[in-house]
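Before anything else, here is the set of structures, which you'll find just below.
Same chain, two partners: chain A is paired with chain B first, then with chain C.
The block that comes next holds the complex of A and B.
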C-alpha cells in the first residue's frame, strides 16, 4: 500500500499535468529497461526484465501433450503469474491471489487471443507435431520479484524476451502403422528450433491521472489513477488485446485517442526491447 | 548407483569435500528494507526483509520483543518438472518455521519491542540444499536491513553415500535416499542453532558428517563476511567517506 500525504498527491498530479513527473520523466517516457536472458537454465527459455524498481522473471517450459479435440491443429499455451511476497508484504499467504489472477487473465487476453485461438500473438499452429495426436504444451510462468507499478507491461516484455530465448527440441515422429495407434516420438536433445517471436505483441498501459495519461506509472502514480487501459500491439501495428482497469468511466473518444498514442509508443518500446534482447542474448553467448 | 567414482570425483565433478560455487548479491529487491540473492551452484534463492515496522495484527504484538515472521515460497519453474503447488503445503510450512526459528535465535529481538520483522524467501531454482541456501540468503538480507544480530547464521548440508562423507549435496545426491544432515551455526560464537537429519547413520560416522557440514558452514560464513565487507566499502565510497 502506498501511503501518501495530501501534498505528495498534489505534487504527483501537478507534475503529470505539467509533463514533468516526480522522477523527471515526461508523460510518455519509459523508465530504463534492463533485460537478462537465460536466468533459469532448467527451463526452455527464461528472461528477467527490470523497469526501474519493478523486477519480473518469465520462464517458458515446453512439454509434450495432446491437442484438444476441438482444435486438432493447434498447440496449447498456458500463462500463470505469481506474485512473490518479496515484492510486497501484503502478498503473503493468499494475499496476492487476486492480483495474480488478474494479471494472468490480462496476459492471456493480450497474448493468446480468444478461445478459438484466432488472432493470437503466439502462433499456436507452429506447436503442433502430429495433427490431432501430439503437440507442444507451452507453460509460461511469470514471477513478480519486486513491484513498483506497471507490472503488466513488464510481464509482457519478459514473456517476449523469454520466448525469443526459447529453444524447442526437434521431434521426430515415427510413422505408425495404423492411424489409431499412438505415434512414437523421439525428442532430440541436440537440435533446437528457435521460437518465432515476430508476432508476439508488446503491451502498453496508459494510466489516466487527472486529465492526462502516462505510460509506465510507478506505484505512487498508480495510486492516483482514475483508470488505466492496457493495449497489446504487434509489429504490424494491429491491436491484439485490450483491457481497461479502474472504476472511472472514459469517454469513447479518449479511448480512441489513447489507442493511437499507444500505437506510437509501442513502436519505440518494441525497438528498445529488440535491441535489449539481442544485447542480452549476446551477453549470454559470451559466458 | 555410483555417486563417487574410483578417482574420488562426484557426479558433477566435485571432490567429496568440495562445495558448489557460492555467489551472493546484496540489494536485489529495491523496495525491501534489506534483500539478497544467494546461489549455491544451481540453487538460487531471493530473500527480502521488511521491518522492523508496526505490527500488522495487533493481537500478535509483544511488549518485550519483536515479532519475527517468515514465509517460504517456491516458484512454479524452480524444479525440473513443472508443477503447480498450492501455497502453504506442509513442506513449505515446515521450512518457514525452521527458517523463522533459526533467524529468531540470532536477532536481538528484545531491542525492538512492539515491532515486527518479516522475512520472505523465494526459491527461483531448486537443486538440493534449498534449506541452507534460504538461511544464508536470509542472513544476508537481515544484515542488509541493518537489523541487530548476535552473529551471522550460516548453514550447509552434508551427506553420506558410497561410504564417503559428501559436502553440500545437490538434488541427485539428495534424492538418492542417503542421510542428509543440515546444520546451521553461529560462526563466531561457535554454536549450532539448526540440526536436522533423515535416514539412519552410525554414531561415529554421524559425528564425521556433522563436522564436515560445520566446516562447510564456516566456509559459507567467510564468504558472507567478504560480501558484506565489500558491500559496506561500496556504501562508504558512495557516501564519500
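The block that comes next holds the complex of A and C.
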C-alpha cells in the first residue's frame, strides 16, 4: 500500500496534468526496459524483465500431455502468476491471492484469444504431436519479484521474451501398430524447435489519473488512478484483448481514444522489446 | 400477466437506424442462421422481477431466453471483524452456478473470474460513501446457463441492488456480443459462445453514458470494436428501460 500525503498526491496529479511526471517522464514515455533471457536453466524458456523498480520473471515449461477430448487438435497452455512476498509484505500468505488471480486471468485473456483460437498469441494447434493422443502442455509461470506498478505490461513483456527464448524438443513418434494403442514417443535431447512468437501481442496499460492517461504508471501513480484500461495488441495492429480495472466509469469516446493511442504506443513498445530481446539473446550466446 | 406486460417492451435490440457509419460486418450476406432463429442484431426477450428471495434486503430474478439467474442482496451490514476500518462501504460479490445449470453436470464452476468481474462492473455505480464501515453482499446464482450469463447476472444484480434500496448513480445494464467469422451477433447463446472467435462485453450506466466495465477477448480490428461498442451501448440503454419498468411495476402494483 502506498501512503501519500495530500501534497504528494497534488504533486503527482499536477505533474500528470502538465505532461511532466515526478520522475521526469512525459505521459506516454516508458521507464527504461531491461530484458535478460535464459535466467532459469531448468526451464524450456525464461526471461526477466525490469521496468524501473518493477521486476518480473517469466518461465515456460513444456510437458507432454493429452489433449482435451473437446479439442483433440489443440495443445494446452496454462498461465499462472505468483506475487512473491519479497515484493511487498502484504503479499504474504493469502494476501496476494486476489492480485495473482486477476493478473493470471488478464494474461490468459490477452494471450489465448477467443474460444475458437482466433486472435491467440500462442498457436495451440502447433503444440499437437499426435491428434487426440499426445500434445505439449505449456506451463507459463510469472513471478513478481519486485513491484512498482504496471505489473501486467511487465509480465506480458516477460512472457513474450520467455516464449522467444523457448525451445521445444523435437519429438519422434514411433509408428504404432494399431490406432487404439498409445503411441510411443521419443524426445530428442539435441534438436529443439524455436517457438514462433510472431503472434504474441504486447500489453499496453493506460492509467487514467485526473483527466489524462499515462503509460507505465509507478505504484504511486497507480494509487491516484480512477481507472485503467489494459489493451493487448499484436503485430498486425489488431486488438486481442481488453480489460478494465478501477471503479470509475469511462465515457465511451474516451475508450475509443485510448484504443487508438494504445495502438500507436504498442508499435514503439513492440520495436523496443524486439531489439531488447535480440540483444539479450546475443548476450546469452556469448556466455 | 401477458396483458400487463404488453405495455412494456420486452426486448432491447439496438435500432438499425442508429448506426451512423456503414457497417463493417456484412450482415447483408446471410450465409448463416442463428440456432434460435434470431437476427444478428436481435436480442432475446428480457424479463425481470424483484422480490424473488424473502430473507434478503433486495433480490431479483432475471430470465433471458434460457438463461435464468437469481440475485439476492444482503446489507448494508456490519463488516467482518478482521477487516480494517473503512470510511466507505464495501461491496462483496459472489457468483455461483447450480450443479444442473450446464448441460454437463457441475461444469459451471469453470467461471471463477465472474465474481471479480461482477464486482468491477458494479462498484463504479454504487455510492459507497452512503454506508461507511459496512458491507453489502451480492450473491448471484445461475439457475440455468443459456449463454451471455455474465451480462444477465450484472443487469439482474443491479435491479436487486435497486430493490434493496442501495444508493446508486444509475442502473448498470450489460450486453455482450460475439464475433463469428465476419459476423457480429448480439446476446449470444451457449452454442454460439462455444465457437465464437471473439467476444465483447460492455456494462454501462446509460443515463450518465459511462462505461463501468469493458472486456474484449479474441482478435478484433478497430472498426469492429467501434461498431460493436455502439450497438452494445444502444442495446444497454434499451435494456435499462426494461429494468426500470420492472422496478416501477412493483411499486405501482402495491399501491393498487
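Note that the second predicted complex is superposed on the first by the 283 of 287 C-alpha atoms of A that agree within 3 Å, B and C clash if a C-alpha of one lies under 4 Å from a C-alpha of the other, contacts with A are read in each partner's own complex, and residues count from 1 in each chain.
In the analysis below, a contact is a pair of C-beta atoms (placed from the backbone, for glycine too) under 8 Å apart; a residue touches a chain by one contact, two chains touch by 3 or more.
Just so you know, these numbers come straight off a predicted model, no measurement behind them.
Student: Identify the partner contact of A:22: answer first if only chain B is touched, second if only chain C is, both if each is, neither if none is.
Tutor: Neither chain B nor chain C is touched by A:22.
Student: Once the shared chain is lined up, is A:268 touching chain B (first), chain C (second), both, or neither of them?
Tutor: In the superposition, A:268 touches no partner, neither chain B nor chain C.
Student: Which partner does A:130 contact after superposing on A: first (chain B), second (chain C), both, neither?
Tutor: neither
Student: Taking the superposition as given, does A:223 touch the first partner, chain B, the second, chain C, both, or neither?
Tutor: Neither partner.
Student: With both complexes overlaid on chain A, does A:13 touch chain B (first), chain C (second), both or neither?
Tutor: neither
Student: Taking the stated contact definition, name every residue in chain A that is touched by chain B in one complex and by chain C in the other, in rising order.
Tutor: On chain A, the chain B and chain C contacts do not overlap at all.
Student: Taking the touch rule as given, give the residues of chain B at its contact with chain A in the complex, in rising order.
Tutor: Touching chain A from chain B are residues 28-32, 35, 42, 46-48, 50, 56, 71, 73, 75-77, 79-80, 82, 84, 87-88, 118, 120-122, 124-125.
Student: Taking the complex as given, what residues does chain C use to touch chain A?
Tutor: On the chain C side, the touching residues are 112-113, 116, 120, 123-125, 179, 193-199, 204-205, 208-222, 225-226, 229, 233.
Student: Spell out the residues on chain A that touch chain B in their complex, using ranges where they run on.
Tutor: 39-43, 46, 53, 55, 57, 59, 61, 63, 80, 82, 84-89, 92-94, 139, 141, 143, 145-148
Student: Sort out for me which residues of chain A touch chain C in the complex.
Tutor: Its residues touching chain C are 98, 101-102, 105, 109, 113-116, 118-119, 227, 229, 234, 237-245, 247-252, 255-256, 259-260, 263.
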